[in-house]
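Below are structures written as structure tokens.
Below are two complexes that have subunit A in common, paired first with subunit B and then with subunit C.
Moving on to the complex of A and B:
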């Protein structure tokens, strides 16, 4: 655990508890409290990450784990966009009660920070459970039937995952006598028979794979994302499932490198599941008629890239996985927030009912284009670089078939997104789109900021790469 | 030994109340008390890890889940016909078990005492909680907060609908 980062956990938790008392009379105060807390945190962490002095001396003055810092930045960024968007999205007649809604978001931010600064598997598990409990309630925020269905599926399918993780932790305690990341690394390095430790870690890995929604454990994702209250699906897809599942998978795969040849089969399986997710997610997304559902399958496919790279396990692959995780958070938040804007502006996100929306909602249309091009890996946007790193790492590591397939499915990604763009934004206006109106500027602001970030991450990639190498590859992986 | 005996009696009483109580909320709270007692016993038998886990998971997390579930079914509680007659045999069963424990249990626990001494690591509960698992306590505070917010978020809506 990193004590210096503890404030990023404690302050949102404090705000979460403060909100019900402070905003009892004036519910609008809940928006303000949540947004201000997140903005302050974001500025704070931004000052560390983008400080020219830190960049100049290769982050030598920042002793913290670079991976955790980057993740906290992304958590705060996505949460801020979602809370700011929600403040204007929740109408006066909405069923959503602002006070518990923002308290839940702040608690989940605290839980996610807890996950990324945890120093052992048990702490990680506790915070993952906090996150699961809050997500379950957030999915049902608007009390719709679909939301309840999604929440129940989410709960039922991720519960066995928690059980597996708990079993794994117990087994780890029995075999290794510890569950701290550092101690496990030492045990592996000391050359003791690692079979049982690999087994325990694999059990934990399986649990986290289910929580990430990797094929074949993906059945809960489309329902949960589609049914969830619109801004909540952006939050879930953008950051929550990434931190509650994918983050731990990357963390474990860094550990697997230390097992060297003895854990190679586990890494092989991880790569296979990653590839399967890419393929199944992309092919299923091609056939979807509902925007949010399509985005959910696209999420599964993009997570596949991260898992594939994590399975490869070379330092370059891990860097690619981490960067793709950051990028995925940015572009998926944009796309899901745009689907929420469509629901608000046109009353539906069903692609069959929409068409020609670029005339009535130009900003939403253009930000979608930026996000989809980045997802598909078109240069010079951020998604291009992360996919490039992953494919180069795969090729270098000898997984040439996977490298070629990953490249090919990138084209499929572009295909399904272009079909989506054509169906929703281009073409002839339909009945629903004629009556549609662009959402207010305040709701466009988070989306535009995210788009600028997508472009910036792509254009300033050399700096990002230097950060990844200096703080993550040099300190954690090697 | 008196300390142990008292704890055992407390756990047994709480367990019996949990089964026999008419009020589900009371049952849930009594169950939490059982876990607290059990974790204190585990701790005293020099199994601090097991004790901490019992305290975190059973007394903390599961109680939250039970309490929230109980608040969900609150309104239905009165409508279901109670079939509790068979539980009235409980005190009798407990009495028989208590007498049996008097004969067999006490020597058994006396023998365990030696095991406890040999396996001990001289960790006090306080040092385990505050030095090693301090961060987990924060996690548990978060989960309690999350539980409260979940109840706060879901249940008022139900009331409005009714």
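Moving on to the complex of A and C:
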């Protein structure tokens, strides 16, 4: 465990405990407390990442690993956007009780920071479970039948993952005698036969693949995202399921690089599952009629790119996976928050009932265009660079078929997003969209900030690449 | 100390299969939860058995106590979801959860 980053875990946890006492009489205080805590944390981590002195000496003064710092920055950014958005989204007549809602968000931020700074598999497991509990509760925060159904499916279909992780931990104790990442690396490097250790780590990997919603195990994803309370689905898709599943997969794949014989084909299976999720997610998204459900399938498809790169396992591929994880958090949050805005402004997010929304909701329309172009990988937006890194790494690593297929399905991504854009925002206004109004400027602010970030990450790509190489590739991969 | 490792794993597999069978054959949500609980108990047994065979019993006990606490919290939240669902739909049949489809 990286103790110097513990403050990022403890301060949100303290706020989560404080909110029920402080905001008992005045509910508005809950969202002020949550937003202020997250903003302070974001400024703090931003001062480390964007400090000119640190950039100049290539982060030599920052001893922590760059992956954890980057992930903490993204966690705080997405959580801040969601809390700020939902402060205005929760209306007076809403069933949502602000106090437990914000308290749960702060607890889940603490749990995600715990996952990121965990140094061994058992700590990782504990924080993953804490995160799962908070997300079950958050999905049902508006007490709708759909939310409950999504939460129950999420519960029943991801609980077996915890069992697999537990069995993996038991086998790891039997074969390696330790759970910590560093010690496992030392055992692998020492050259003793590693077959049983690979088996144990593969069981844990399977558990995390279920938690991240890769294709054979993806059935809970669309239901949980569609049923969830609107801002919560942005939070879930943007960061929660990525940290609870994909983060650990990348961490394990960094470890797998050390196995000389490609980890008994586990890495090959990982690549195959990644490709399968890209294909199934993109093709299923083509025929969805509900905006949030289509975004959920798109999310499965984008996770596929990350898993594919993680399975490749070369340093360049891992960098691509990490950068795509960051980009996915930005553009998927924008799209899900826009679907929440549509629900607020037009009363529905069903594509069949909407049309011509660009006249009544121009800001939502334009931010959606930026986010979808970034997802599809159009230069100079951020998604282009991460997909480019992944495809170049695949081609260099010898997986030429996967590289070509990944490129082709990138076009399918553009296709389903253009269908969505045409059905919802372009064309003739329908009954529902004539009465629609643009949401308040305060609700547009997080979305616009995220869009600026998407453009900035793309335009200032050389700096981002230098950061990735200097802090992640040089310190933890090589 | 008698080495009961093989016998342990025989029972762990048995308990795991019992839980899996309970989940597979039942349409009742409550029984599905019970099946999950039985399966997770076999995991706890696996950890304690491994701890005993490697001579790491103190570590294994610490892990087990933490795992039990975590599991209680997870199952309590799951049961609360079930109760909420029962109040809304008056049913605990798993096939009644089919309102979300694209």
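By definition in this document, the second predicted complex is superposed on the first by the 476 of 478 C-alpha atoms of A that agree within 3 Å, B and C clash if a C-alpha of one lies under 4 Å from a C-alpha of the other, contacts with A are read in each partner's own complex, and residues count from 1 in each chain.
Rule of thumb we're sticking to: a contact is a pair of C-beta atoms (placed from the backbone, for glycine too) under 8 Å apart; a residue touches a chain by one contact, two chains touch by 3 or more.
This structure is a prediction, so every number in the text was calculated from the model and none was measured.
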item	value
Contacts of A:465 with subunit B and subunit C, given as first, second, both or neither	neither
Which of subunit B and subunit C A:150 touches, first, second, both or neither	second
Partner chain in contact with A:95 - subunit B first, subunit C second, else both or neither	first
Which of subunit B and subunit C A:426 touches, first, second, both or neither	neither
First, second, both or neither for A:366, with subunit B first and subunit C second	neither
First, second, both or neither for A:17, with subunit B first and subunit C second	first
Which of subunit B and subunit C A:222 touches, first, second, both or neither	second
Touched partner set for A:141, first subunit B, second subunit C, both or neither	first
Which of subunit B and subunit C A:111 touches, first, second, both or neither	first
Footprint overlap on subunit A, comparing subunit B with subunit C	122, 126, 129-130, 133, 136-137, 140, 143, 173
Touch list for subunit C against partner subunit A, complex	29, 32, 36, 39-40, 43-44, 46-47, 49-51, 53-54, 56, 59-60, 63, 66-67, 70, 73-74, 77-78, 81-82, 84-85, 88-89, 97, 99-100, 102
Residues of subunit B that touch subunit A when the two form their complex	49, 56, 61, 133, 135-136, 138-143, 145-147, 149-150, 152-154, 156-157
Residues of subunit A defined as touching subunit B within the complex	1, 9-10, 13, 16-17, 20, 95, 97, 99-101, 103-104, 107-108, 110-111, 114, 118-119, 122-123, 126-127, 129-130, 133-134, 136-137, 140-141, 143, 173
Residues of subunit A touching subunit C in the complex	122, 126, 129-130, 132-133, 136-137, 140, 143, 145-146, 148-153, 155-156, 159-160, 162-163, 166-167, 169-171, 173-174, 177, 222-223, 226-227, 284, 287-290, 293-294
